[in-house]
Structure formats: C-alpha cells, structure tokens
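One chain, subunit A, appears in both complexes that follow, with subunit B as partner in the first and subunit C in the second.
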Partner chain A sequence: MTVAARPSRFALGRRFLKDPVLWIAVALIFLLVGLFVGFPVYKLLERSLFVNGQFSLQTYADLFQKSYYLRPFFNSLHVGVVTALIGTLVAFVFAYALNRTNVPFKGLFRSVALLPIISPPFLLALAAIFLFGNQGYFTKLLGIDFQIWGFNGLVLTETLSYFPIAFIILEGVLRGIDPALEEAAFNLGGSRLRVFLTVTLPLAVPGLASALLLVFVESLADFGNPMVIGGRYTVLSSEAYFAIQSFNIPRGIALAIMLLVPPLVAFLLQHYWVSRRSRVTVTGKPSSSNLKQVPRVLRVSLTFIVFFLSGIILLFYGMVIFGSLAQAWPFDNTLTLNNYYQALNRAGEHFKDTLLIAGIATPISGILGMIVAFLVVRKRFAAKNLLEFSTMLTFALPGTVVGIGYILAFNRQPLLLTGTALIIGLAFVFRNMPVGVRAGVASLQQIDKSIEEASTNLGAGTTRTFTCITLPMILPAMFAGMAYSFVKCMTAISAVIFLVSGKWQLVTVEILGQIDNGNYSMAAALSTLVILICLGVLAVMWLFVGRSAMERIVGGN
Partner chain B sequence: MRFTKRAFWVGVLLFAGLSGAVSLSSQTLHMLCSFNPEECQFYIDVFEEDTGVTVEFVRLSSGSALARVESEAANPTQSIWFAGTNSSHIVAGQKGLLEPYVSSLDELIPDNVQFKDLENHNWIGIYAGFIAFATNKDFLSQNNLQAPTSWADLLKPEFTGKIALAFPFSSGTSYTVLATLLQLGLNGTTPRSQESVDAGFAFAAQLDAQVGQYLESGSGCITLAGTGEFPICISFAHDIASRIKSQSLSLEMTFPSEGTGSEIGGMALIKGGPETASLARAYYDWALSVRAQNLYATFFRVPLNSKATVGEGVVRAADVVLADFDQNWAGNNRDAFIERWRELTGK
Partner chain C sequence: MPSSNTIQLKGVNKVFGEGENRVVAVDDLTLEIAQGEMVTLLGPSGCGKTTTLRMVAGFETPSSGDIYIGGSAVNQVAPNKRDTAMVFQSYGLFPHMTVFENVAYGLKIRKVPRKEMRNRVLEVLELTGLKGLDRRAPQQLSGGQQQRVALSRAIVVQPKVLLFDEPLSNLDAKLRVEMRGELRKLQQRLSITSLYVTHDQEEAMSISDRLCVMHQGKAQHIGNPTEVYARPANRFVADFIGQANFLEGTVERTNGQRVQLRVLNALLDAPLHRGSLAIGDRVEVLVRPEGVDLTDRGRGDMDGVIQFAQYTGARATYEVKLEGGNRLTVESANPQERGLRSQGEVVGVLLHRKSLHVLPKEG
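And then the complex of A and B:
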C-alpha cells in the first residue's frame, strides 16, 4: 500500500473506499480460513475441554500425570529434532553441490533428490524393514544389526520423506544469493572455507531456519511411518491415534494439541528472527554467474556423497517397484504383472475419484495460497500474523485428528458436509495450502515491492496489480505449492481415514487396506501407479509453466 | 483477480455438484465394515446379488469405526456397522449410538450373554474367533525347536526377542490376549479374582521381556512371522489361517493348553442413520441367515448361527482349550487394565 500508514478511524474508511476489492478479499480469506481451519480446531478444543458439558482441564491434566504419555512427547521431539537436523544437512549438501560447485549429472541428482516428495504411505517404512530389519537383505549381507525398529527406522524414513522440502527451500535460497557477493569475497583473497562460513552460510540462515521448521513439523505430524516401523518406540502422533482407537477421542485430541506446542514455539522464534532482516535480493532478476571451479578433492568428495545419498533414495524406490512386480512380496518374488492388472481392475474407481478430487482441490489450494501470501506480505491489516499462523494449524496437527475435527465441525446443518466429496476436498485444500503460502511468502519477500508500487502509481488497483504483476512473478511459487498439494492429495492418508464415504473412495485408503491385509505386493503396485501419476502430472505442469519457470519452481521458494 | 475468482466459483460449483450427486442415490445402503476390504466386498457382493440393493461401504477398524460413529452422531452418514470386535459395539451401545433391533432370525444365534445383547438388543454376535500362536517353520527346523503350545512355553529363553504382537491399547486382538491372561486363573487362582488378575499381570510382565517388538495392528505380526523378522506371532486363528492360505506362509499354528481367549465379532444398527429403519435391517437379517453365515468358511471364521456349516479346516471351540472368557468383564475393566499394563511395562 502506498497510502500513508497513519492509522486513524478516518484512514480506515478511506482505505476501504480507495480499494474495496482488497478489503473484500481480506474478509473472504478470513472467513474461509476461519471456517475451514479455525472452526474445526475450535471444535476439537471444545471436545477435549468439556467433560459432560462442564469445562474441565482434566483430559490435559491426565496426560501430565502419566509417564507413558510424557515419554512419547519426548520421543516425538527427539525424532523431530534429529530428523530436522539430518534432513536439512542432507538437503544443504545437495543444494550446495548442485548450485555452487560443478558436480556432474546435476539434472539426474536433482530429480532423485525431489523424488521422495512423492512418498506413498507406509511403503518406504516397509522397504526399510525388508532392507535393514532382522531378516533384511543388508542385515544378512553385511552382518550388521541396524536396530531398524523404533528410533533409527523413524529417523531414516522420515528424513527420506521430508528432506526434499528442505532441499527445495535451500536451493531457492542459494539461487537467490547473488554469486557476485561470494565472488567479491574470493577476489578479496578469502579461502573457499572462509567464504562459505562468512558469506554463503550467513546469507542462507533464514532458509535453513525455514527448512528446519518445516521438516520438524512434518516429522512431528507423521503418521504412516510410526505405524509401520515405530514398534515399541511410540510417538505423540501414534499415541493420539491409539487413544482414538481405544474409544477415547478427547484424549486423542489432547495428545494432538500437545503436538502443536513445539511447532508454535519454533514458528514464533523463526518469525521473530527472520522477519527482522531484509531478505530482498531480487530487484530485477538474479544475475547469473559462471560457477566457481572447485578444487578437485572437494568436487570428488561432494560427487561421492551426493551419489551415495541418491543411491539410498533409489534403493528404496527400487525396492517398492520390485515389490510391486513380485507375486507375493516378500515371500514369493517371482516376477509378474498380475498386481498391476488387479490393481487397475479393482481400484480403477479409486483412482478416478482421487484424481477428480485432487484435480479440483489442487488449483484452489494453489490460488488461495498465493492470495494469502500476497495479502500477508504486501498489505497491512489487523490480525495479519494470526492469519498467517492459523493457516499452519491443520498442517501441523496429525491428520487423523484433523479428520475428527472436520467431522465435528461439519456434521450439522447448515454445514452438513459429512459423507460428501466436498469435505474431503476442503480438507485437502486447507491442509495443503500452507506450503503454497510459505513458498509465496518467501518468493514475495525476495521481490522488491517497488515493482508493484510502480503499477499502483500508474493507477492500477489491487486486483489488476495482483493478476498482472504479482501473480506472474510468483507463478513458480504457486506451481510449487500446487505440485506439493497435488502430491499430498494423492499420497496423504491420515486426514481422510475418517472422511471417506462409500461413494468417494481414495487410493490411499485402498493402500492402507492392502497393508492391513498383509498384501504388500498389491500395496506396492498401487503405490507405484500413484508415483507414476504424480510424475505425469508434474511433467504436465513442467510443460505448462515452461522449463525456465520450472527451474525457478525448484528454486522458486 | 478475474481468473482467480472464476476458478474459485468453478470449483465451488463442481463441489456442489459432486455432493449433490451423493444425496440423489436411492436404494443404497451405507455401511461401516470392520473386516479387511476384500472380505467386506466378498459378503457385500453376495448380498447385492441376493437383494438388488447397492451397498457403499467404508472400511474402518473397530476402534476407528466407533470414533467415526461417535463423531458423526448428530447426523450419521452410515446405517449399519458390520463386523469388528463386539467390545467396541458394547461401548457404542453404552454411549447411546446404536439402534436396538430384534431380528426375526434372532433365535438362530444362541441366547448367550456373550453372543448377543440380551438386555438392550443393541448388537448381535456374528462369528467367533480364537487367539492362536503362529510360528515360522523354518525358524523351528533351523533351531531344532518345537512350536509353543502353552502360555508358559512363550517364556522359554530360546524365544526371547522372537515374539511380536500388537499393543493392547492399539489393537482389540492384543487386548483380548491381555484379558485372557488376567481372567485365566493362572497359578491355580480363581478365574477373574483379584489373585487371578495379579497373577496375569505377573505373567504379562514376563511376557513383555520376551517380546521382540510391539506393532500397531493385531494381524500385523502374522506376515512378519512369515518373513522370520519376528518368528512368533500372537493373533487370531482365522487371520492366521487366511494369510497362510492367501500368501502361502510357512507358519505352524498352535494354541495355548492353559486356555485361549476368544472374540465375538458383532454387528449393530447405527442410530439415526439414513437407512437404519429400512435397508440396514434387511442386511442385518441377511447377515444372520444360514446362507450368509456359511460364507464365513472362506475366511476361516466360526459362524454363530447354530444351523450354519463350519468350514473345513476352521478351528472350532471344540478343537482348543477355551479359557472361561467373559467379554463384558474384559470390556468393563479395559481402561484400568490397560493403564496398569502400561505402568507395569513402561510402554
């Protein structure tokens, strides 16, 4: 806004008259987020805070009196912190190697690093058991006891599943840093290590903080991996599900609400820390520079590390594909296409329904995300931080509890949505939106606001400036948000367990059923089809946005 | 924002259309089914063929099904809850979520307080199942061992770390195991007495030290026993037999000689569901019929209908030593027992 910011009663009225569309948009966004994020969370709180109609903190007090609920809390924190650290480190190595050095096969390594974004539920954890468990291939081959059940397995599978999101952020940040700064440091005689420690790393700090936070939150809310490989090492998200399973919904909710505390603290810290610095590095376009030739030793060792990490990722995915081609994985490994035939035969409807709902939810979630990001970064209005934070709420809660919240909120007229496809779609839109919002916010913070101000000064209103100037500039971020959203619609299981109806069946629910039934080959075949569909859709997005923009998506952040 | 807005309204309209389409369907029964999806579909196919009614089912485990019924109580989307351990139906009945119903075929299920809700008619039993041990045959032959045939056998040093089962608080199967140990009357105590409970917990603590890993779902350890990851699994006989058949697992099934626990699978009408008064009753009646109960042979379940045929190879009550198992006692003490178990084992 170029309008002076003296906040007075008259100014408020004037601001509304000057730009009514903006204020209507703000009101609408508040309404939507309030209704589909705030309201379900409120219903959850209500359910856990009222015992027989009386306000009571008993449900929460119980949790603190029982050692068996405190332990999972610390287990969650432990896994979350270690996963966030390792995941961010791995992501940084990938991002640094691909953007600041001349390692070979960059395209290949980048694709492999992004692959685990498409991580079908349960399968990676199963692969981990078959590879590193007591009877695992590598256990027998190397004679090492990997202790894969519990902490080790959780860190391994969660790092694998969630480091790509850190990679996307860090690659964007590294690309956003003008190499001229580092070159200047080199020219002043700095060693590579010194330049890295005093220039590159400090400039990447906000990105590192973002990456750590997102991986941490995703790890806390993870449901699929603890179910399969957690074993006796229980974490809060699985305890919440167990409580619901054991006929105690309020306790399940309370356990899930406890999960919100660490991300809230982390979010506030990060917000306070990062928002105090200016991160504008894009005033027009980033200047591209020739990559620095790196010393041979560094190049070889970085290539080796990246190669090794890529190998682990491909090993897991190779395992799933192998499982899908086996007669009865892991007992009868005769190769066959029978699983695919059966999967398409039986789950064809599931694929159709899932694609339809994902196809509608994805663009809505992408566009809403950009509008929220635009409003939050560029406009000033009351409760702006509240809006930004509340979009994160359903993202940070374990999905099963979000599902319960949606039922509690939308089970009465005039908002009777249970049993429809709409409730599934809404859960997808609002649970997946935060990544688009984060991508949009980060992207906008890097773009100098004077570009939009020029448009406003030339007489364009908010709508015109947003559609003609802002949106094209943050299009990569929008598509990043949409890509994430689509993949989550195809692979997320926990939120929809309680929302599916007989008419609207989802592939992930079918995968869960096959896992429960011990039919791992069928689950692997369904998952491989999901991976292929996601790759196909991402490829179409690639064509649509164009290669250059897609490269910015990868670094779009 | 023209494009944005248009896309938004197109989305809204499409969603409205989709949800409208759901409410238009008639002659459709909405069912919660707690068998695995394939088994649900198996019975439903026959019912649809018999009656011409379309069934749309949601598959949820017993605990999740109850959570859904409870959360949706203001406006239930499902009308009948088919299968699942009856302990969850009992709790649902206590919470007032079920519609009482006495079927015309009610008498085919024996009048036993374990098999049906004689007092309130909230639920009825449909099949019985027994706890069994499944042991990997390769593990036995390679180590020259015999499969465990008693609860006491499980404590042998050669089985340390080799046993897997679910947590009693995440799985009905495993709670049945715990409840069996507690009411068995171990060490000559009177079944279900305080001494019996104490002896049961003492045994549970010893068993805990033998367990290699706890899992989330009751049948999860069967496949893992098949791979040898944890060669001994404690689960339901019908689940073990089904997987031995469908996945050609090399497992030996045995039963504890001191007495084994049992479950009764139940079925109930959901209060206020869209077809509770009509189609759901039709399915309820059908599921009690000899024709429907004969189908259980395929999945190794014991039908409760006294006139139905028990399938070949299905483990019956007469084939095992049955503990004097009181479902209601187990259900009523559940929270207290689970809390004591968790404090005892530190899980």
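And then the complex of A and C:
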C-alpha cells in the first residue's frame, strides 16, 4: 500500500479555510508574545553588542573582568543559592507536616505560609528593619547587632518571601503521591524513617528540584528587598536599576544580561531535565491515610517547627501593622491612625492609577491566558511548542530585565509607549499571563476533550466552542490566574519601576520612595493598605467563583 | 428524511507520525453505508476503528482517500459543518448546562426558533425516556441516563448520519444489554444512517445490519452478522467473533463447492464458502463450540477425553482433549436432557458438517 501525499502547496490554505478563527488567534498571540516578550529581550541583546553605535564585544569582555559586574553577580548567586536551600527545606517541612502528619491547626498554618505571596516584595524587609535595624525592637531588647543590612537580611527576608512558592509546589507533589505507596512500604515492614527515605523522598525529588530552581530564580530577580535592606551588599537587580537611574545605560544593559543568564539556565534545567524525571502519577483521588498518626516526638517537634516559623511570619506582619500605627518610627512612637489619613490623601492618586491599570490588565491577562491554554492543549498547529515555551519563558525573565528591555524597545515611534499607562499594563499582562496559562492547561488536561468535540460536532465553530463550552468549564482556572495577576499588579515593582512616569504612578514605587526617605511608618501604612486591598479582592473573587458553576464542574463526569 | 444520507469511504488511509514513529492507523479502507443502515466497525483496540469514525466526523483528516457523506466529498469540510452527530464514549455532556440546555445546544446553533426548539427537545427527551429530567444537571443523572442525554443531543438535530463511539462501554453489563436493544430500536424507527464503533463483538452482532471487522487498520471482513460468524473471511475474524476451535486438515477431494478433508483420523465432508482448494492443500477447519455434539466413545468422528467440565445451568461447557493432543471447546445446550459428562470421561466427538468452515492454512 502506498499513501499518496496530498499536494502540500494547498494544505496550509485549506487548513486555514477550515478554521480561520483558530489561525488568526494563533497568529495574533504569536505577534503579541513576540512583540512584548521576545522583542524587548532581543533589543537588550542587540544593544549589548553595540558600544557607541559600533559593533563590539567590549561589554561581554567587561563582564568577566570588571569587579562592578562580577561582584554583584556572585553576590546575587550567593544569596540565591542560600535562599533556595533554606527556603526549600522550610517549605518541605511545612508541606510534609501539613500533608503527611497530624499536626494541629493545619488551616491556620497553611494560610500563614501563603501570606507572603500577597504582600509587596519589600514588606518583609521593612519588617526586618522594624525588628532588627539599628533602632529595631529586637536589637534594642537584646542589645545584639544582627547586621541586618546586606547578606543576612537578604537571605532572611527572601527566604520568608519565597518559601511559599516552594511550599505550593511541594504540597502539590506530596498530595500527588498516593498514600497507598507509603502504606505498601509500611505493610512490607519498613520503619517510618525508612519509608520516608526510600519512598516519599525519592518521589518528591523532581518537585524539590523544581522548588529549588524556582526559589533561586525568584531570589535572583528580587528587587524590593535589596533596595530596602541590601545596604552596601550589591546585587544585580538593584545595581542595574541604579545604573539606569544614573543614565549609565550600557552598564545597566550589561548587568541586565548577567541577570538574565542564571534564570534562563534554571528554566532550561527545569524544562528539559526536572520535568522529564517526574514520576508522580495522579491515580484518581488519593485515599485518606492512617499514616498521619505519627509518633509523639515527631508530632511535637514538627508542630513546634511549624509553629515557630508561622510565628516569625506573623511577627513580621504584625510589626508592619504596628509600625504603621506609630507617628513616625523610630523617632515618635505614639500610636495614631494619622499615617493612614496621610496615605489616602497624598497617595490617593497612586492607588487610583494602580487600581485602574490592575483592573484593566487583570481580566485581559486572565482571558488571554485561557485562550493560550486552549490553543496549546486542544489545537494542533505549527510551532505550538514554541508558543508554550515562550509564554513560560516570560516567567523566568527577571522583572528588571523586562523593565530595561521595555524602555529600550518602546522608546521611539512607531512603538513610542514609554510614559504611558499602556506600557505598564502591557508589562503586567505579559508578565502575569503564564500563571493563568499554567492553571488553564492543568485544568483543561483534566477535562475530557470529547466535551468540546461534542460542541464542534453539533455545529459550533472554534469561537463558540471556546466561549460557550471551554471557558465556563475552566472558569476556576481563569479566576486563579486573575487572582494571581491582580496581586502581582498591586505588589510588583521590579519591572514597572522603569516604566512609571510623572503621569502614571504606582503604589509600590511610592512605598519604596517613602522607605528611601526614612518614612518607615508611612511606608508601612501604604503596605498594609495594599495587603488589605489584595485580601479584599481575593475574597470577592473567591465568593464569585464559589457561586459559579464550580461545584458542578468539580463533580463532573 | 431524504434517502441520500449515505456514507462512503473510498481507499481511505490514515498515517500518524513520520519516519520511525510512522503508524498506519487505517489502511486502504473502502466501505459504503446505505441510507438507514447501521454498520459497526469492530475490532480490538488499536485496529483503526475509532480513527475511522473520527475521520467521518472530521476530527481527523485522511492522509489519502476520500470520504463522502450524502454523496458529497467532505475531506475539506470542517467538522462543525458536516451535519454528523456523534455519541461519545464518555458522553461529552456539557457539565455546566442542564439536560435541556445540553440537548438544545445543537438546535440553538442551527437557529431553530425558541418554541420549536423547546418542543423538539421535550419530544426527544420523551422518546429516550428522560421525561421530567430536563432541568437536572448531567452529574445528577445515572450513567444510563447520561448516555440517553448524549443520544438525545445527537438525534435531536436530525443529522444526516449518526456516529457512535463505543457509547455503551461505560455502562454496567446488564444496562449495556438493555441499552443496545433500545438503541437499535430507535435507530430503526428513525431510520438514521449510522456508523457504530465497538470492541464488543456480541454488541456488534446484536445491533448491526452489517459488520466491518478491522485488524491493524485493514478491513478484514465486511458482511452481515450471520455471515461474519458462520463464514469468516480469515482466521483472525473467526477467532475474534465468538469462540473458535481450529482443527488442521488436508484436502482429499474437492469439487469447488464441497471438499472432503482428512482431519486427524476422520474423513469430513464440508461446504467450501471461500476461495478454491486443490488436493493436498493444508487447511484449517473452524469448529464453533455449539457445532459439536458429544456422544459415546467410538460413535463420533473421533474420540476425546473430557479435561474440564463447567455447568452453568442453561448450558454446559467442556474442554475435550482429542487424539493427537488437540483441544476442543464444546458447548452443549440443554445439558439436563442430554446428560452431563464428567471429567475424565472418554467421549465420541461429532462435528456438525453444516457449521464447519474451511479456511486455507495461513502463513
């Protein structure tokens, strides 16, 4: 038998005519991702190859020689590695205690562990100053100088800031390991330690690797904490910002390039190595297990550790609230609500701008994320892997790199966007979309594709199937993506600090300015307001999703 | 309903992958389904039956060959423009819509006026025994009811052809038997041209006008159920449909319509349905379990020993070891009257000449 291939000349045209909407959507998404993810990075690389308009590798030669490049590079790596190790360990203890043992107050501990996700990135640094700064309460109480400025402070605040991400990953991994596997090992006579070492831990290794890489990347990209508590300990993100601030563009570009490399390596490791080694298979609903009855000693010590860590987090947040109520810490500690009045009066415009941009960017990134997820999971088209890869790549790009890339890419006609709200919104949309894409992909993979095929079969085109069938089914994923996106809009600083202008101001930038001026109490009040807004919006979203068809979908056939 | 709702597949191939991963899922399949006919694609998993169905629906595009629905070529027609309606294996019900909304979905797309839509939906729901359940969510229904919703949703749009992708495989055994009867009655009543896919040969036999038995992408035998069962085209079909015993033999004499075979020590006269055989050819004789009678030692075509006996009330099943080591599964209906044989007993084996089917030896 021979299969005669159809003349391929017309194949593309025919496929286009069969489903034009699909192809237009794919083309549009490629264009957008290319323009707002690829192009700025390309611009950055291009500019790095030219010195004074001449092609030159001087920038790269300098990277390996000049200490003003090498020092922040190794400092960043140092902080990143230490933070990743401690953060992942803490996260694993939390995840193991909450999912494999019978420690009390699980709901409370989980909420506390997730709290840092919804706060501005420098909030914990602010709290660290209240506690361990030169005038800090602990410093004065114990009379010890903690040397909070620099490496110690960065590791402390970044660990607390980013271990929640590792916690989410590891909790997912542990939940994905069927307790029956561990029960089988016990049944064969293994001790608890042996079962942990030979079953639980090996199965969690890919998850641990993912968590390590992610915390490392987050720590490296962190901008807020180094700005507040870095002191003279120079790291790449803040150095790049200072370079751009002082109009030393080439140096800013060079530092941005250095900042770009480690996350890219980590991303590629994750993409091509770690994810291939994942052996966790979801085999229906994990049965409830009796293994949670752990020995008393273990239970008490795990409870103590989790309690202690939660206590630290709560202490940090309490400190920010406390600090916000002081007239002007550390000089005048009288309790007052004055800072809040001031905050709403003076920074009202900032809140308005932030909320407006966030309010528009959030639904756009949510819907765009679902469209990309739909295309990636359900449709077959050329360069599909490239699309998925490049949207995920966005996630690995440090905000500072994106910010510098944006000002290089969009500072002249016909793409003159600098100074507008649009460029801030675009940065938000494309930086936050990947989380929605991931949630959408995960959600769609759980949904039987014959549901959508039934819609097509009954005569619905791609658009109708997506809006009437797919979108309602993955609504929870969209809201998850939107919740993340909104919180990020409210709390992000690293990319957008390059994009704000006199006309469009963001709250986070204002907070940083207040810290810079030593107005710690004012900064604390603003931060508290940001957290309250995030919590409020999250609560509303949760109510909305709860009321929607979510339960019906969860109980689906 | 117009009389031209036929399905034709002409030399259809489907190849997945390239190079080392190249898999020929469907291999040169030609099949015609007449108006109102129900044809079943039957075969083990991976035989290409579902791929074929999905090509008719438009979810897969043939690598070569043409598909016609109602006489017009549909290779270049998008799946949503084909006017086929499919009943999916997992039903594919819209979880966020009620039963009514599910069934009305296709009518809404066809812009059927509201009032007519309502009447048609309720009419179909009554026809499929779902009356009064229209406001339920699919998740509130039993498996059998969900299946009926899927069926209702497909037939309400009065499609040119109905496509069934293993629609009963998610039901329990008893319901499956019940539903297949209902399904067949409804299909006959509405006279909808139907293509049905299943791996369950009993289901296929009981509901189809014709079967297309597939294996490794190729149609092995296309014919009506009795023909496929009694006179299968080859050993695969014989083995796949029902239970089969094969005895080797040699042609002693032939006249084109009948052959005389030597099987073990016996001389058998058998009808020749397929191909031609020459004297001395090696053949395989298909013996169905119910085509054998057990009698007293020495009074059959050959003798054998009962190795294993199973009594299930309406019938008894025996495993008989013949002289020379061949084993034969024998099914005896009404064992009460014929008398039960017991393990170890030596019996005579009598083969019904009419039900013997001679196949040339393969390989």
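The working rule: the second predicted complex is superposed on the first by the 404 of 557 C-alpha atoms of A that agree within 3 Å, B and C clash if a C-alpha of one lies under 4 Å from a C-alpha of the other, contacts with A are read in each partner's own complex, and residues count from 1 in each chain.
Heads up, the rule we're going with is that a contact is a pair of C-beta atoms (placed from the backbone, for glycine too) under 8 Å apart; a residue touches a chain by one contact, two chains touch by 3 or more.
As the structure is a computational prediction, the values presented were derived from the model and not from experiment.
Using the contact criterion defined above for the overlaid structures, shared-chain residue A:205 touches neither subunit B nor subunit C, since it reaches no partner. Judged by the number of subunit A residues each one touches, B leads among subunit B and subunit C. When the two complexes are overlaid on their common chain A, residue A:57 makes contact with neither subunit B nor subunit C.
In the superposition on chain A, contact is made by A:473 with subunit C only, not with subunit B. By the touch criterion defined above, A:463 lies against subunit B but remains apart from subunit C after alignment on the C-alpha atoms of chain A.
In the superposed model, A:246 lies in contact with subunit B only, and not with subunit C.
Of the two partner chains placed by superposition, only subunit B is touched by A:234; subunit C is not.
Of the two partner chains placed around the shared chain by superposition, subunit C is the only one that A:454 touches, whereas subunit B remains out of contact. Overlap of the subunit B and subunit C contact sets on subunit A: empty, with no shared residue.
By the touch criterion stated above, subunit B contacts subunit A in their complex at residues 1-4, 7-8, 11, 14-16, 18-19, 22, 25, 28, 30-31, 36-38, 55-61, 63-64, 66-68, 70-75, 77, 88, 91, 167, 169-171, 211-217, 219-220, 222-224, 226-230, 243, 246-249, 334, 338-339, 342-343, 346-347. Those residues of subunit A whose C-beta lies close enough to touch subunit B in the complex are 21, 25, 66-68, 71, 129-130, 133-135, 149, 227-228, 230-232, 234, 238, 241-242, 244-247, 249, 252, 328, 330-332, 356, 360, 363-364, 367, 371, 404, 407-408, 411-413, 416-422, 425-426, 463, 466-467, 497-498, 500-504, 509-510, 513-514, 516-520.
Within the complex formed with subunit C, the residues of subunit A that make contact are 1, 3-6, 14, 17-19, 448, 450-461, 464, 468-469, 472-473, 549, 552-553, 555-557. Across the complex, subunit C meets subunit A through its residues 13, 15, 24, 27-28, 57, 59, 63-64, 76-81, 83-86, 88-96, 105-106, 109-110, 137-139, 146, 150, 153, 157, 163, 165.
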